[in-house]
Amino acid sequence: MAEFLQFVFSGLTVGAIYALVAIGFTLIYNASDVVNFAQGEFVMLGGLTTVFLGYAGVPLPLAALVAVLLTTAVGLALYRFAIMTAREANAVTLIIITIGASIFLRGVAEVVFDKRFHSLPPLFGSDPIRVGGAAILPQSLLVLAGALIIVVLLWAFIDRTLFGKAVIATSANRVAARLVGIDTRIIVGACFALSAAIGAIAGILITPITLTSYNAGTLLALKGFAAVMLGGIGSAAGAVVGGVLLGLLEALAAGYVSASYKDAVAFLVILAVLFAMPQGLFGRAKFERV
Amino acid sequence: MAAVTVLSAERLSISFGGVRALDGVSFDVASGIVFSIIGPNGAGKTTLFNLISGLSVPHDGHVRLCGKDVTALPPEQLARRGLSRTFQNLQIFSHLTAVENVMVGRHRHEVTGIVADLLHLPAVGRQNRRTRERAAAALARVGLEDVAEWPAGSLAYGDLKRLEIARALASEPTVLLLDEPAAGCNPVETREIEDIIRGIVDDDVTVVLVEHDMRLVMNVSDRIHVLANGRTLAEGAAAEVRMNPAVIEAYLGVRGTSEPALAVG
Amino acid sequence: MSVLALLDRFRLPQHRLVSLLPLAALILLLPLLFPSAYYYRVAALIFIFAIAGLGLNLLMGFAGQVSLGHAGFMGVGAYAVAIGPSHLGIPPLLSFVLGALLSALVAFVVGRPILRLKGHYLAVATLGFGVLLAIVFTNEANWTGGPDGMTVPRLILFHWPLRGAETWYWILAASFLVGAALALNLIDSPTGRALRAIHDSEIAARVLGVDVAEKKLMIFIVSAVYASVAGSYLALINGYITPDVSGFLRSIELVAMVVLGGMGSVVGSLVGSAVLVILPQALTLFHDYEHLVLGLIVMGVMIFLRGGIVPSVAAALRGWRP
């Protein structure tokens, strides 16, 4: 039982990060139909930039802020220079472009930072809290709380502000949104920026627990996508549920089945969802008229 | 000559998200005639075609081709049984040349498998030649022989409508479904389509036509089936249907006029 | 009687010969320019990836599908020629063939469900599949030597050990020409026309009697076999393989290669491969920048050069004829 709880805790923690990556995906996908593979790189950049600024002597809170701002700028640059210039590209071309961007960002990180693993000091110390025989790190609680706050804030922003309404309009029908005067380029750009910021914050939160390195982004992006597929592409609630569920599945599989195949869980999930339930848990089955 | 029924629809019904697009539509098509399906927009004509050609599955009812129940069969199997169709919104292979488009129409008559194709055995070369000859002939029948080697994507709209017909004909169907072949065509092009349809029927191919151009319909049809709101409104010989008050009302929304609504010019 | 008239008279396939002959001539003459064995080796590598590219081109360029996990099949072929002789006592040549058969089988099993998907779903499914294979190769260390890889025993053909860059150059050049001939054969056949039709309109193809699902599966299997052959050659020429051979990065490189060279162009497979093989060689000084440059290339190719080099040049030479 204690073992089970342990797996649940670690699964929830990493699941929270997958949820944040998945939300970033969903934001961008809803607004622009782009599946952004560089999402994982946002997480990596947030963590690694903070780490290296810290090494350079910058106080961590400031380093974190700068890292988030920098990553946000990267997100905007990605949109402006890679996505906007690829006019009328089809879905597959766009995915490959974002894959190229993710490889590029990874290459930049390799050169600017280095190829080793790095960590950040946890915010509330590293003494685990005992709950029912299992140990949970204070940082894990911070990750869960942080993810929750971000989700709530994002929801409030989308639902309650005028800008948020514009995002909803753009997601529903880009042409119609433009016809009513919404500059969809600004909206989509903002979604990229927001996604990047969320990713960066996720990276800063998780680095004290899982460490980070220049190539942490790839696997994260794939797992985030698995979460999105599980929850149903296009659904924000689905992204959160999918992320947490994937984290749990992964932790339980690693604990009870095989630790070395932990990473395979996400891909098995992708394939299983695509074959059995393509619309995911919360998505609606696409209805096409011939 | 005894009329053989080549195609029959029995109480076909289908709903889309709560809307009953077709409700109990039935008809029999005799061999060698032009059977037209007309009706106001939204009547369910294209839905009906999609059901018959295997692109959707009805929730109720059956489709029979030459007596055999083909209701749930996919399009590729219907093609092998002699059913072919064109598309209202054109489904051209734009990257292929005109003659290559029609050559694909010969697919069900081509017998070489992938291994023979990879090795380009002599049979493949012979088959390629035969297919190309038949395709060229089909193109000539619709008057497109001059543009045979042009990429289909560069052809004019009117030519593309005829190309689709040639392509469907190349498969040597028993029944040919023509989905608004004259849509977007000018009077000259429409006349050409009319001649092509007559030629098709002369070759013993049964034509089922969906069309809005009433002049074309009146000029070529043997029987007309009128659909409105997914239901059969009337069926009969062209002259009868033209004078049918219910049909007139469905098209014009006017009661009791003695003027035929579907004029022939 | 002139050669052309002869060809015309006997209705011989002029077009297929036309594009392979200059290629064959180039291949024969190129070694005259090679100052050292190193160049033979680079050329051999170009042929290897061009072979994989040929298969992927058939799948993506002609049939209009996408595979972001194709290096997985290269991995199957590569590990087959490593594991067969080392662990199972199967001679390398037989292992080569068995690897291709195994790839075909895997493609058959996985292809059937995966090819029902379209667009980004298909892309991600193939991506997931490729990464799964890479994970298996990394984890099953008892068979594969794990992340550090394993050695590949030399191929001995009738008591003649195959080694030396020059030998491989000729073998691979011949293999590429055979692969290209098969591809060109396929294109000019009912299957080829059906695939090109599927690319433009699956619905119309079906209505004309094309079994679209079966055709997609067939070409997926064919392209998997091409990749497997390339992977086997890669393992044999290097004498060593690591799981990277089937990794995500390799799969993306293959796609970039095909798009860069020109989708739907057989010669383009060679051009794309040449660019992507020569570049890292040229950048050995800047080895650290390899990923950065690769990322830029992938982005650049997909944004600006989607038409590919060979078709664009060919169109320019033809002078924009409609």
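Order of writing sets the labels: A, B and C. Residues in every chain begin at 1.
Simple rule for what comes next: a residue touches a chain if its C-beta (ideal position, glycine included) is under 8 Å from a C-beta of that chain, and two chains touch if they have at least 3 such contacts.
Predicted model, so just to flag it, every value in this text is computed and none were measured.
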Based on mean C-alpha positions, which chain is nearest the centroid of every protein C-alpha shown?
C
Computed over C-alpha atoms, the centroid farthest from that of chain A is that of chain B
Using mean CA coordinates as chain centres, what's the chain B-chain C distance in Å?
42
Averaging C-alpha coordinates per chain, one finds the centres of chain A and chain C separated by a number of Å equal to 33
Dist(centroid_CA(chain A), centroid_CA(chain B)) in Å evaluates to 50
Can you tell me which residues of chain C touch two or more of the remaining chains?
203
Among all residues of chain B, those touching at least two other chains are 55
Can you list every residue of chain A that touches 2 or more other chains, as numbers and ranges?
290
In the complex, chain B residues that touch chain C:
53-55, 74-76, 78-80, 84-85, 87, 91-96, 100-101, 103-105, 107-108, 110, 112-114, 116-120, 124-125, 127-129, 131, 150-151, 154, 167-168, 171
Complex interface listing, chain A residues touching chain C
35, 82, 85-86, 89-93, 95-97, 99-108, 110-111, 218, 222, 225-226, 229, 260-261, 263-264, 266-268, 270-271, 274-275, 278, 290
Residue positions on chain C within touch of chain A in the complex are 66, 68, 113-114, 117, 119-125, 127-129, 131-132, 135-136, 139, 203, 248-249, 252, 255-256, 259, 288-303, 306
Would you tell me which residues of chain C are touching chain B in their complex?
11, 13, 16, 182, 185-186, 188-194, 196-197, 199-201, 203-212, 218, 222, 322
